[in-house]
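The structures considered in this document are given below.
Each of the two complexes below includes subunit A, the first together with subunit B, the second together with subunit C.
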Partner chain A sequence: MVSFAGLERSTLDGLVRPGHYGRAGATGLLIEERRDLAFASVTAKRGKRFALVNAVNTAFGVALPDGPRRATRGSVTFAGTGPDQWIASADGSEAAGFANKVRARIGPFAAVSDQSDARLVLRLSGPRVCDVLAKGVPVDLHAQAFKPGDIACTVVSYINTQIDMLDDAPTYQLAAPRSMAGSFWSWLTASAAEFGYDVIAP
Partner chain B sequence: MNAPHRLAQGGLIDRARPLSFVFDGQAYAGCAGDTLASALMANGVKLVGRSFKYHRPRGILTAGSDEPNALVELRTGPRREPNTRVTTVELYDGLVAASQNRWPSLAFDIGAVNDWLSRFLVAGFYYKTFMCPAKFWEMLYEPLIRRAAGLGRAAGAGDPDHYEKAFAHCDVLVIGGGPAGLMAALAAGRAGARVILADEDFRLGGRLLAERYEIDGKPGTEWVAEIEAELASLPDVRIMPRTTVTSVFDHGQYGAVERVNDHLPVPPEHEPRQRGWKIVAKRAVLAAGALERSIAFGNNDRPGVMLAGAVRAYANRYAAAPGRRVAVFTNNDDGWRTAADAHAAGIEVAAVIDSRAEPPAQFAALGIEVLTGAQVSHVHGGQGVRGIDVVDARGRLTKIDCDVLAVSGGWNPAVHLTCHLGGKPVWSDNLAAFTPGATPPGMHVAGAANGALTLAECLHAGVAAGAMAAVECGFPIASFMMPSAEDEASGVTALWHVEESRAKAFVDFQNDVTVEDIALANREGFSSVEHLKRYTTLGMATDQGKAANVTGLAILADVSGRAIAEVGTTTYRPPYVPVSFGAMTGHHRSRDFRPVRLAPSHQWAEEQGAVFVEAGAWLRAQYYPRDGEKDWLETVNREVTATRASVGVCDVSTLGKIEIEGADAAIFLDRVYTNTFSSLPVGKSRYGLMLREDGFVMDDGTTSRLAPERFVMTTTTAQAGRVMQHLEFCHQVLWPELDVQMVSVSEQWAQFSIAGPRSRAVLRKLVDERYDLSDKAFPHLAAKEVAVGSVTARLFRLSFSGEMAYELAVPARYGDAAIRAIMAAGEEFSMIPYGTEALGTMRIEKGHVAGNEINGQLTARDLGLGRMMSSRKDYVGRVMAQRPALLEPDRPVLVGFRPADRKARLRAGAHFIPLGATVTAANDEGHMTSVAFSPMLGHWIGLGVLKRGPQRIGERVRAYDPVRNGDVEVEICSPVFFDPEGARLYG
Partner chain C sequence: MRIPCPYCGPRGNDEFIYLGDATVRRPDPQALGASDAFYEYVYLRDNPSGLHQELWYHGGGCRSWLVVTRNTRTHEISDVTFAAGGKL
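Our next item is the complex of A and B:
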């Protein structure tokens, strides 16, 4: 019988190695791929929004955000991606079978689909992170306009991208469709090269 | 190398940093802070280019981006940039430039014969002369004209540099870093607003760099440095030099180009050459200044005839003397400053010719010869000014020797950006110029751009506009000590054209448009300003008539007996200056032209030597050639044969996958598909057909019921996005009352089609043994979650090939592992991977329709799928599909075709003509949509739509293909060529 254990692949495998790239002697950007996150799309059923808010609160201790914000409790995060739509994510022990767990707990009130394999997820930080992102993110990331916990679903380099601000270091998390990982990486690294960037081992 | 025309002192150049450069093969020296124009001028180079049409010798007219004449090819090899204005090129060490549009040399240009023939080459010459015969236009006339009239040569090789796009956001965008712009930025910045100050120049200051003004008792440049230092100290003020705001778009969006590294021979490693910015601003202050204009008189285009303000710029900013002896011709007070500044710089001033009777009083003390009420009628000299003829009010002619003539016909406010959203500028008699009319929402105009032509006015207007913009963004008014400056004389009396001139008097230097061309256009009926532009080319090309347009339409007003306000302006469109394709394209060129989507098995397929084909954004394996196979057809035949004989696998992850959930999910599907899905049992799949609202087929695919209220739909690769959009529209707009939720899961799953008689045997080795895969337990169209090792997978028994086949979906991270495991499991059955070509061949053999048939122009009935249109329910497109024309019996319907001579090749796109009929559109009976060579049948087969096709089976028609000279007699047959009973699906 086949086993796929240990055979998981990221689309960046074979494309990317940890190390320093671009301008020598400067690190304007740190790039870390997150492979340990599980995702599930959550869409409220008709007329069940309030029940869903209660159920999420009860099950995960998270106040479901109303708008493009993310709310985290422990290792579980809910991010508002549209009217009555969220992307839930989890890492650590919660990640295994996450979509099934979410469905089991809030299924009566929401449609839930596993999206754990649908996205390339990168965590970006470093002194020039905003200058890099300005080359593709059309959203205003100024401290007054985009704060920790804010998210945006936007288009970066013609690629649908969700950008989350994690903290005011600042650290951003970008999620792009898995199939476009190569094109996304090409844009990101071309944009970061003038500042120098480090790829951190996942 | 000593620059002979470099002034001994002064200027904003760094004499300690000499730079060397080459123009037309000759080495010269310049200084840091020079432009190519000022460095050429300091070296006494007057002849810089040849004009577009007449090949007349031309020099430098301006000191800015409005330059019409001095265009060169900058750099060499793949970095060569034609039509580069020397006035905007920042000098760097090792710069190489060459003149253009001349042969064999700049000084001796054969093309100048056009100037002698110019009485024939008037406006509209091409239209009048190259009329007949019309077919000669493309073959002969256009190539000839293009060779004779031209600008520079493109590099002809890919640009080796990288370009970027970028976004910026601010409260207040200040466009222009002159006195008004600096004040506006400071007023807004001090108030706390987020400010972007964009300036075209490499140094802030605008006209302050070119003038000898004082502000607060300090030299203008010193004052600029102080303001710049304060702006730089403000946390939310961003200064963007070398950045031209080129365009205004809706909702406060501005396009700009930053020339990041144009001032270096080659961009530093990892850095872009240019950045195209989109700046989103709540408010903008346009402080773009004003552009000086010339006056039309005989030979006013000779090298050495320059705008008066440009002469000051070269003398004051660049310490470059345009000549030894300068004469000034002006209709306004500002021109006099040139005489004063030249005098102060030690350049001999031959005379000031003022067309007005009363010159300004304050210049009387200079002791310069003054001719009032006089006009320059003619310029002597060929490749450089040698002297001028002046006619005074009584008609007396005086000849004056000079080598430079500084001309000022007044200043045109740079209203361009105020017009990009449709605003029309307003004529001001007082200024003899157009000033901004209605501005784009959120834009204030300050300083010279608004017709405030004195320094004191500019400073005040800048403060007011900057403060107002900040207040409108919710910031308080900051306290401000207004800088003090003089309100210098700025009177003007319009003069467009010197009537006494006999030689050609140019209006548009770049397009060689003369006063006479405008008069001729008017005589021939092209009296609308837009017609005038098209007929004469006035105001076209790289400078867009910045120095020419107002003069041109003033002359049109004159010759047509109208007021200037009545004539109006042509439409100002973005961009304000030429923009490189690189800045517009950014990173998106070559393989980054658009995002590429790779299937989960892509790397594995590459290892197998697959040839890939673009399918929308996806790259799909087209076929997998093996050593010794002579062409793609041999490979595809092998893939088809092996699959039908045993088993093959194909990556179908690219198909769109949409999960549809909710209590009303089945009702929703019934409404979007022509056939019924509410009756589909859990654990089953069904083929579905979707129409557009207009009744034509939009897409097809299978939908499987995973649970009573949970479905997964597949779409074609090409239409995945469109179907998702359609479903969301249907839900949100048509039936918001339905409890249905949908989400794309296309990226989540890697999906493989495993087809062939041994497909079950392969799957048996992969799927956990607790799942019964027998035909009875898991029949055709079954769908189920299964375990493959520890992974939860989805298994569908679906066939596109006509074989017993399965689709196995695993989470995408296991896609690579899955294809390797599938191939390993299939090894004992000689399993092969197949690509989209074999997929296509097998579906054509089975008569299944695909993208070639579902092309947006065919209905379900046309495709022979009329039976799928339920009559027991309503669905999108049902009513419109019943329109009489769509039910017309003569409409072409899908059938199969095979060549009467079985050795003949068929071509998709061929049209069907009855045997013996002439090949005319009237006899066209349909066309071939898909063809393939069927290895199972040993000959070419085709699908196509034919008038009354199903009733004509057994008849023959011609498949006529004029594009590829194909003319084949074909037999009409059933579209199902292989296994018509469908027995192979079951096993």
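Our next item is the complex of A and C:
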């Protein structure tokens, strides 16, 4: 098997530099790219859903969400992306070989596929984050409708995007297909420019 | 038009792809008159004024096939269920 270790680069390399952009003297949005997250898609095998729930609970101490929500224990998160489908993610020491670790623990009950290099992941916060997201996110993000731990798979500027609400600061995590990163960045920065935004070094 | 996805909640119809009539069934190819039955199955569709059961794919969300009951006169949606595990 070919190893690509050491060849990791962000799809935003060459496109983005840390700094302040847009409106001078104001920072409405903070953008931080997350390069340290590993992802694996998890799809329950037919008739194995309950066995999978038990296996995930035993292996990771996580209660699999039965809707569009995320559940975290330590550095491992499972987010519900569809019926019998989840995206598992990990950072820190769990990230290395994450998909293989997941497959080793729950493989009899689920199809597990490595998605680590497939996604652009941005963490967004700041006083105007909701105003920025309102320009492209067709899902109601009002505090009464979308709470910390909720996620939504939707379409932002014609790009399939997963939105996770991490906390009520609020902080959101957006994941878009890696191949669409340039277009996604274009939408995000055009939408944030009027408020001013800071790109934080990863 | 917004479709209340049973997994994701209400979403705009631009997240979905329309397939059409959810009630047609593939005929038995061994049966007498199978040729005519297949002609009808592949090409002929009713165009009802009122309630219509139809397949929508939520490609922009949970990637599920849904059976949507929609009033073709008003676009009112009275029922949405997952196609998988249902009667289809």
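Methods note: the second predicted complex is superposed on the first by the 196 of 202 C-alpha atoms of A that agree within 3 Å, B and C clash if a C-alpha of one lies under 4 Å from a C-alpha of the other, contacts with A are read in each partner's own complex, and residues count from 1 in each chain.
We take it that a contact is a pair of C-beta atoms (placed from the backbone, for glycine too) under 8 Å apart; a residue touches a chain by one contact, two chains touch by 3 or more.
Here the structure is a predicted model, which means the values were calculated and not measured.
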- request: Look at A:Ser10 in the shared chain and tell me whether it touches subunit B only, subunit C only, both, or neither; answer first, second, both or neither.
  value: first
Query: When the two structures are overlaid on chain A, which partner does A:Lys45 contact: first (subunit B), second (subunit C), both, or neither?
result: first
Field: Contact breadth on subunit A, by residue count: subunit C or subunit B
entry: B
Query: A:Thr154 contacts which: subunit B (first), subunit C (second), both, neither?
result: second
Message: So in the superposed three-chain picture, is A:Asp198 touching just subunit B, just subunit C, both, or none of them (first/second/both/neither)?
response: neither
- request: Have a look at where A:Pro138 lands relative to subunit B and subunit C in the superposition and call it first, second, both or neither.
  value: both
- request: Pick one for A:Gln115: touches subunit B only (first), subunit C only (second), both, or neither.
  value: first
- prompt: Can A:Asp91 be said to touch subunit B (first), subunit C (second), both, or neither?
  reply: neither
- request: May I ask you to decide whether A:Pro177 touches subunit B, subunit C, both, or neither, giving the answer as first, second, both or neither?
  value: first
Task: Show which residues of subunit A both subunit B and subunit C reach, each in its own complex.
output: 138-139
Field: Complex contact set, residues of subunit A against subunit C
entry: 67-68, 81-83, 85, 138-139, 152-155, 160
Query: Which residues, counting only subunit B, touch subunit A once they are in their complex?
result: 162, 164-169, 194, 269-272, 275, 278, 280, 586-588, 591-592, 594-600, 603, 617-618, 659, 661-664, 710, 737-743, 745-749, 765-766, 768-769, 788-791, 810-818, 821, 825
Message: Which residues of subunit A touch subunit B once you look at their complex with the stated criterion?
response: 1-5, 7-11, 13-14, 22-23, 41, 43-47, 110-111, 113-119, 134-140, 142, 144-145, 157-159, 177-184, 186-187, 190-191, 193-194, 196
Message: Considering only the defined contacts, which subunit C positions touch subunit A in the complex?
response: 7-9, 11-12, 14-15, 60-64, 82, 84
